[in-house]
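Following are the structures in question.
Presented sequentially are two complexes of subunit A, the first with subunit B as partner and the second with subunit C.
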Partner chain A sequence: MSKANTKAVKKKATRRQKKDWVAGYLFIAPVTIGLFIFYVFPFLQNFWFSFNDVNKFNMATFNGIENYKQLFHEPDLLLALKNTFLYAIITVPIGLIISLVLASFMNSKIKGKGLYRTIYFLPSVTMAAAVALVWKLIFNGDYGILNEILGVFGIEGQSWLTNPDTALFCVMLVGIWSGAGYNMIILLAGMQGVSKSYYEAAEIDGAGPVQRFFKITIPLVSPTIFFVTITGLIGAFQVFDTLYMMIDMDKNPAFNAVKTVNVLFYQNAFVYGYKGYAAAISIFMFVIIMIITVFQLWGQKKWVNYD
Partner chain B sequence: MRKNLKRLTAVGLTAVLGAGLLAGCGGKDGESKDGKVELVMSVWDSDQQPVMEKMAEAYNKEHPNVTVKTQLTTWSEYWTKLEASATGGSAPDIITMNVLHVEEYADAGILMDLTEAEAESDLKINENFPAPLVDGYTVDGKLYGIPKDFDTNAVFYNKEIFDKAGVAYPQDGWTFEDFRKTCEDLQAAGLGEGVYPTAINRNSGQTTYISSVFANGGYLLSEGNEKSGWGEQATIDAVQPWLDLVLDGLSPTLQQMADTDPDAMFQGGQLAMYFSGNYMITSYNNTLEGKYGIAKRPTFNGKDTDIINGLAFSVSANTKHPEEAKDFALWLGSEEAQKIQGESGVCISARNDCQQYFVDAHDEVDCQVFLDNVANAELLPHCKVTSELSQVEKKYLEPAWKGEISLEEACKNIAKEQDPILEKMNSK
Partner chain C sequence: MKTSRARGHLIIHIILIAGIAITVFPFLWMIFTSFKTLPESMKIPPTILPESLNTESYKYVFDVLPFAKIYLNTVVITVLTVLFQVAFCTMAAYGFARIEFPFKNALFLILLAILMVPGQIFLIPQYLIIQNLGLTNTIPGLFLPHLFSAFGTFLLRQFFMSLPKELEEAALLDGCNRFQIFGKIMLPLVKPGIVALVIFTARFAWNDFMWPLIVNTDPQKMTLAPSLSLLKGQYATNYPVQMAGAVLAVIPMIIVFIIFQKQFIEGVAQSGIKG
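Moving on to the complex of A and B:
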C-alpha cells in the first residue's frame, strides 16, 4: 500500500497546487501582461534603438555606439544634467521636510483633520496639466495674482516664468506643492503604525514634543522616509510634465535655462525626430538613476531602522 | 455584505479591464457588409472642423456608400500623434498636411503619390491652383497633396486705438518708414497702460521679417537647401529694423510676449497694429468684430512682398480604401468642395476660381488684400529639418531680441550652427 498510496496523495496535492497556481497567475495576469506590453517590451526596444539611427517613423539602421558618442559631444548635456540634479537636490529634501511636518500635524489631535488631509491631498488627484495651467496664470508677469499680491506690499513683480533666473524655481515650487500631499499620506500611514506606548513612555520620562518627534517618530518611520526619498528622487530625475506645460518650448525665452535631461530627450525624439539618439539619452538617464538608487540602498543600512 | 461588495467590485473591475483589452485588439475595419466605406480625415483646427464636416456631407450625398469622419487633434499634439499612427500603419485615410512636413512624410512612404490620379482626373491642378502651393506639395516631381487653402499676411489695426490717439489709419502703399512713424506717433499720443503700437515677436517671421529678407535680396535657405542665409548682410539688414521696434519700446518685450501671446494681446485691445494671417480673422471677430481694419503690409526696400503658406489634403499610403480615399481627395480640390470651404469664411480656398468666396463671406472687414498678395508672395522657406533649424534661430535670436547681443552676432552664430545641420541632412 505504502508506495502507491503516497504517490496518490502526492498527485492529489499537486493537482490542488496547480489549481492554486492557475488562480494565482490569473490574478496577476492583468498587471503582468500590461507590464510586459507597456514597460518591458518598450524598454527593450528602446535599448535596441539606442544603437540605431532611427527616424521619425521608427525606421532603424544599426549604427553601433554612434548615438552614445554623439551624446558626449552634446552641447546641452551638461546644462540639462545640472538642471536635473538641481531640481532633484532642492525639491526632494524640501518636499520631504514639508510632508513630514504636515504628516505629524495630521497625526496629532487637532480639529478638522479630515478637511486638511483632503486639502493637502487634492493636488495629487488633480491632473498635472490643470495644475500647471493654473500656476502658469498665477506666475503671469502682466496679470498674475502673485504680482498683484506683491504689489500690495510695494514689491515690484516680474515675469516669473520667462525669466531664466526664476523659471526653474517656479517649476520646483509647483513640483513640491503637488507632491507634498501624496508623500504626507504615505508618511502618515507609517506614523500611525508606531505604537502609542513609546510616546507615553517618553512623555512620562519628560520628553517634549520636539524631542519625541526626533527621537521616536523619525527613527521609527525611517523605512517610510526611505521609500518616499527613493520614489521622490526617481520622480524628480524624470520631471517633465509640469515643465512641458509651464514652459512653452517655442515661445518661452527661459526654455533653455530650464532644460532637463528628459526635456532634451523629448526634444530629440518628438520635435527633431532623432529617435535613436533620444533612446541613448534615456538609457544614459536610466543608468544614472540606477547608480543613485543602488547607493541609496547601500546607504540605508546606516540610517533606516527596520525593527 | 461588505465582503460581497468587495468581490463584486473586483469582478466588475476585471470585466471592465478585460473588455478594454479586447476592444483595443478589435481592429477597425471601416467596411461593413453592405459595401459602405468609412474614411477618416485628420484636422487640427477646431474652427475648420465644421466646414470639413460640411464638405464630407456634400460628398456623401453624391457617393452614398462613402462616409467621412473628421478626427480633431489640437495643433500641439497633431504631428506627434500623426507620427505615431503613421508608424503603426494606422494613419487617417485623409491627412491635413502642411508644407513644413510634406517632404519627410513623402520620403518615409507615408503619403500616397497622387500624380497619376490627378492626371487622369479633370482637376487640372497646374491651371487651377497657385503655383507656389502646387510646388510646395510636389516632392521629387511627384504630387503628394491637393492644395486646400492658403494664407497670406496683412496689418490688422484696432480702429478704436487709432481714433483715440488721433492718428490716421494705415494706408495701402505705405513704406516701412511710414509704419515706424505711425508707431512713434501712436506712442507719442499716449496709449494707456499695457497698450503698445505693435508687437514684433521673435518667432513671427512668417508674418513680419521673412518677406523683408526677400525684398532686401537676402535669403534664409539657399537654393537646394544647402546653406543657411542668416549670415548674409542683406538678411541681417532686413531683420534689424523690425528688431529695432522692440528695442525702442514700440513693441512689448520678448518676456511679455512669452507670457501673453501677441495674438491674445491684439484680441484684448492692447495692440494698435499687428501683423497676422487671414486665418486669424475668425478668432479676432470674437472680440473685435467691426472694430478693426486690415491694411496692406508696408513695402520694404521699395518692394511689396509677402509669404504664402498653405495646407493640402494628402492620402495615406496605407489606407484600406485607396480608391475611395483618392477620389475623395481629388473631389476636395473641386470647385464644389472649395466653394463650400470658401463660403464658410474660415480660410481662403486654394483654387483660383474659389478664392473670392472668402472675401465675399466677410462683410465686416475688407479681405481683398490677402488675395492681391498671392501674386507677389514667396512660399515659406522650409526643408526636412525646419524644426531643428528653428531651435537654432530661437537660441540666438532670443538674446538679440532682449538686446543682450547684437543682431549681427546672433545671425552669424545661427548660420554657423545651421550649416552643419543642413550638411547632415543633405548627406543622407
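Moving on to the complex of A and C:
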C-alpha cells in the first residue's frame, strides 16, 4: 500500500469518526438535555437553595448556613432520624430473610411454583396508596379485623395506628408485605444463576437442604443480596406513600411518633413552604444515604462473593 | 430418603400457603368491604362476606370525584411516560454503549451520579420549573420530568453492551448508517430490556404518589393515587367508599399483570441481574 493510500484511509476513517460523533450526540441528546433540565440543574439549584431563605414567591435571599443551623436545632430532627433508621433497620433485614426463604422455596422442586410466584408478586404491582387504606382498616382499633383475630387468641386488641408505640411498626409491616415478592423474584434470578453441579456435589457429600442453603446458596447469591440490601435501604429511607395514607398528619396523635426525615422534608417544602430549609433537609438526607452506601460498598468486600 | 423429601415438600407447601393467606387477605378485604354498607363495615364483630352486594360505594366514588376523568388521566400519563421513556432511553443507551464521541465518559458519569441521588433532592426545583412554565394542575406537569430516565438509560445500556460487536461492524461495512443499525439490528435484540423498562416505568407511573400530590390539586387533573388521599380526607370513616376507590385504582394494573405475568416477572429479574 502506498503512502498516499494509507493517508486516504486514515482521512476516511476520521471523517467516518466525525460522522459517528454527530450520530452519537443525536442519540443521547433527548435524554441528556432532559436530564440536565430536570435533574442536573435542579440538583445545583437545590444546593443553592439550602443556603438561602426562599419565600412564598420563590425569591431566594442568601442566608449562609442558617438553614443547616436551624436543622440541627430542629426539635423533631432526632426523632425523625430515629424513626427513619428504625424503619430501615427493621424492614430491610426482615424483608430480606423472608424474600430469601421464599426464593429458595421457589428454586426447589416443589409443585405449583408458578402460581405461588404470581400470587407473592401481586403486592408489588399494587398501588401503595391503595394498599395503605385497606391496612388502615385492618388495623382499626374499633372495628378492625386484626383485633378480632387477636381476640380469638385471647390477646387484647388496641388502636394500633393512633398508639405512638405501635404505629410505626404497623407501617413497617405493610412495607415488608409490599416488598417481599419483588425481592423474591430478584433473588430467585440470582439463585437460578448458580450452577446445579454445586448442589449435586453437596448432596452426594450428604449436605442437607439447610446446610446447602447456608453453605452454597447464600455465598453464591451474595452479590444479589447486596443489591437487594442497597436498594432496600435507599427505599426505606424514602418511605412516604404508606406513611402519608395510614397516618393522618393533622389529627393522628401518633403522627409525631412516626415522622421520618422524608416526611419532615415534605412538610417543610410543600405544606409550610419553607423551601430553603427543606432543601437543607434533602441535602442532609442525601449525605446520610451516601455515607451508608459508601459504608456498604466498603463492607461488601468482607462478605460479597464475586467469582 | 424419599419420604423425608416428601415430608419436606409438605412443610414448604404449608409455609407457602400460610404466606399466601397473608398476601391475599388485604386484597379480599378490600373487595369485601367495598360491597358492604357503611353500618355493616363498622359492625363488631366484623362480617367477613358482605351481607348483600351493595354497589352504592362505587357509585359514590364516581359522584364525589370526577373518577372517569381521573382514570383517563392516569392511563394517559402512564402510556406517554412509557412511550417517551422507551424511545429516549433506548436511543441514549445505544449511543452510550456503542458509539465513541468526545465527553462520552463524562456525560455518562453525570448520568450515574443522578442514579445515586435520592429523588427528594430534585423535587423543589422540579416543582418550580413546572410552576414557572404554568404547568401546575395540567397533565404535562404530571409527566414532564419523568420522560427522561437515568435508570432506564443505564439498564438498557447493559443490554446493548452484552450484544456482540461483530453484528454492527458487518452492517457498518455494508454501508448501513447508525440509525439503520439501531432500528433494524440492535433494537430487536434488546427486546427483553425494553420489556423490563416498560414494566418498571408503567408500575411507577401508575402508582406514583408524591409528585402528582404536589403538582396537581385540581381533581379534574388528578391521577388515581393522590385521588385516594382526597377520598380518605373527605370520607375518613367511610371505609366502603375508600375501599371502592382503592379497588378501582388497583384493578387495571392487576389485570395487566395477570395477562403479562411472565414478562413482569422476567422484567424484574432482568433489572436485578443487569442493574
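Everything below uses one rule, namely that the second predicted complex is superposed on the first by the 271 of 307 C-alpha atoms of A that agree within 3 Å, B and C clash if a C-alpha of one lies under 4 Å from a C-alpha of the other, contacts with A are read in each partner's own complex, and residues count from 1 in each chain.
Please note the rule applied: a contact is a pair of C-beta atoms (placed from the backbone, for glycine too) under 8 Å apart; a residue touches a chain by one contact, two chains touch by 3 or more.
Owing to the predicted nature of the structure, the values given are computational and were not obtained by experimental measurement.
Engineer: Looking at the overlay, does A:Lys56 come into contact with subunit B only (first), subunit C only (second), both, or neither?
Structural biologist: first
Engineer: Kindly classify A:Leu100 by the partners it touches after superposition: subunit B alone (first), subunit C alone (second), both, or neither?
Structural biologist: Neither subunit B nor subunit C is touched by A:Leu100.
Engineer: Pick one for A:Ile110: touches subunit B only (first), subunit C only (second), both, or neither.
Structural biologist: Only subunit C; A:Ile110 stays clear of subunit B.
Engineer: Given the superposition on chain A, which partner contacts more residues in subunit A: subunit B or subunit C?
Structural biologist: It is C that touches the greater number of subunit A residues.
Engineer: Let me test your reading of the model: by the given contact rule, A:Pro30 touches which partner, first (subunit B), second (subunit C), both or neither?
Structural biologist: So A:Pro30 meets both subunit B and subunit C here.
Engineer: On the A-aligned overlay, A:Ile176 touches which partner chain: subunit B = first, subunit C = second, or both, or neither?
Structural biologist: After superposition on chain A, A:Ile176 lies in contact with neither partner.
Engineer: With both complexes overlaid on chain A, does A:Ile225 touch subunit B (first), subunit C (second), both or neither?
Structural biologist: neither
Engineer: Which holds for A:Asn256: it touches subunit B only (first), subunit C only (second), both, or neither?
Structural biologist: first
Engineer: Report for A:Ile119: first if it touches subunit B alone, second if subunit C alone, otherwise both or neither.
Structural biologist: second
Engineer: Quick one: is A:Phe270 in contact with subunit B, with subunit C, with both, or with neither? Answer first, second, both or neither.
Structural biologist: A:Phe270: touches subunit B and subunit C.
Engineer: Jot down the residues of subunit A that show up as touching in both complexes, subunit B in one and subunit C in the other.
Structural biologist: In subunit A, positions 30, 58, 140, 142-143, 248, 270 sit in both the subunit B and subunit C interfaces.
Engineer: Considering only the defined contacts, which subunit A positions touch subunit B in the complex?
Structural biologist: Touch residues, subunit A against subunit B: 30, 33, 55-59, 140-143, 159, 161-163, 248, 250-256, 267, 270-273.
Engineer: Give the list of subunit C residues in touch with subunit A in this complex.
Structural biologist: 8-9, 12-13, 15-16, 19-20, 22-24, 26-27, 29-30, 33, 41-46, 87-89, 91-92, 94-96, 99-102, 104, 107, 110-111, 114, 116-129, 131, 144-145, 147-150, 153, 177-179, 182, 203, 206-207, 209-210, 213-214, 224-226, 228-229, 232, 236, 239, 242-243, 245-247, 249-250, 253-254, 256-258, 261, 264-265, 268-273, 275
Engineer: For subunit B, which residues are in contact with subunit A within the complex?
Structural biologist: 14, 17-18, 21, 80, 83, 86-87, 104, 108, 110, 194, 201, 203, 254-261, 385, 387-388, 391, 394-395, 398, 401-402
Engineer: Taking the complex as given, what residues does subunit A use to touch subunit C?
Structural biologist: Residues of subunit A touching subunit C: 17, 20-21, 23-28, 30-32, 34-35, 37-43, 45-46, 49, 58, 101-102, 105, 108-112, 116-131, 133-135, 137-138, 140, 142-145, 148, 177, 181-182, 185-190, 193, 209, 224, 227-228, 234, 237-238, 240-241, 244-245, 248, 262, 265-266, 269-270, 275, 278-279, 282-283, 285-286, 289-290, 293.
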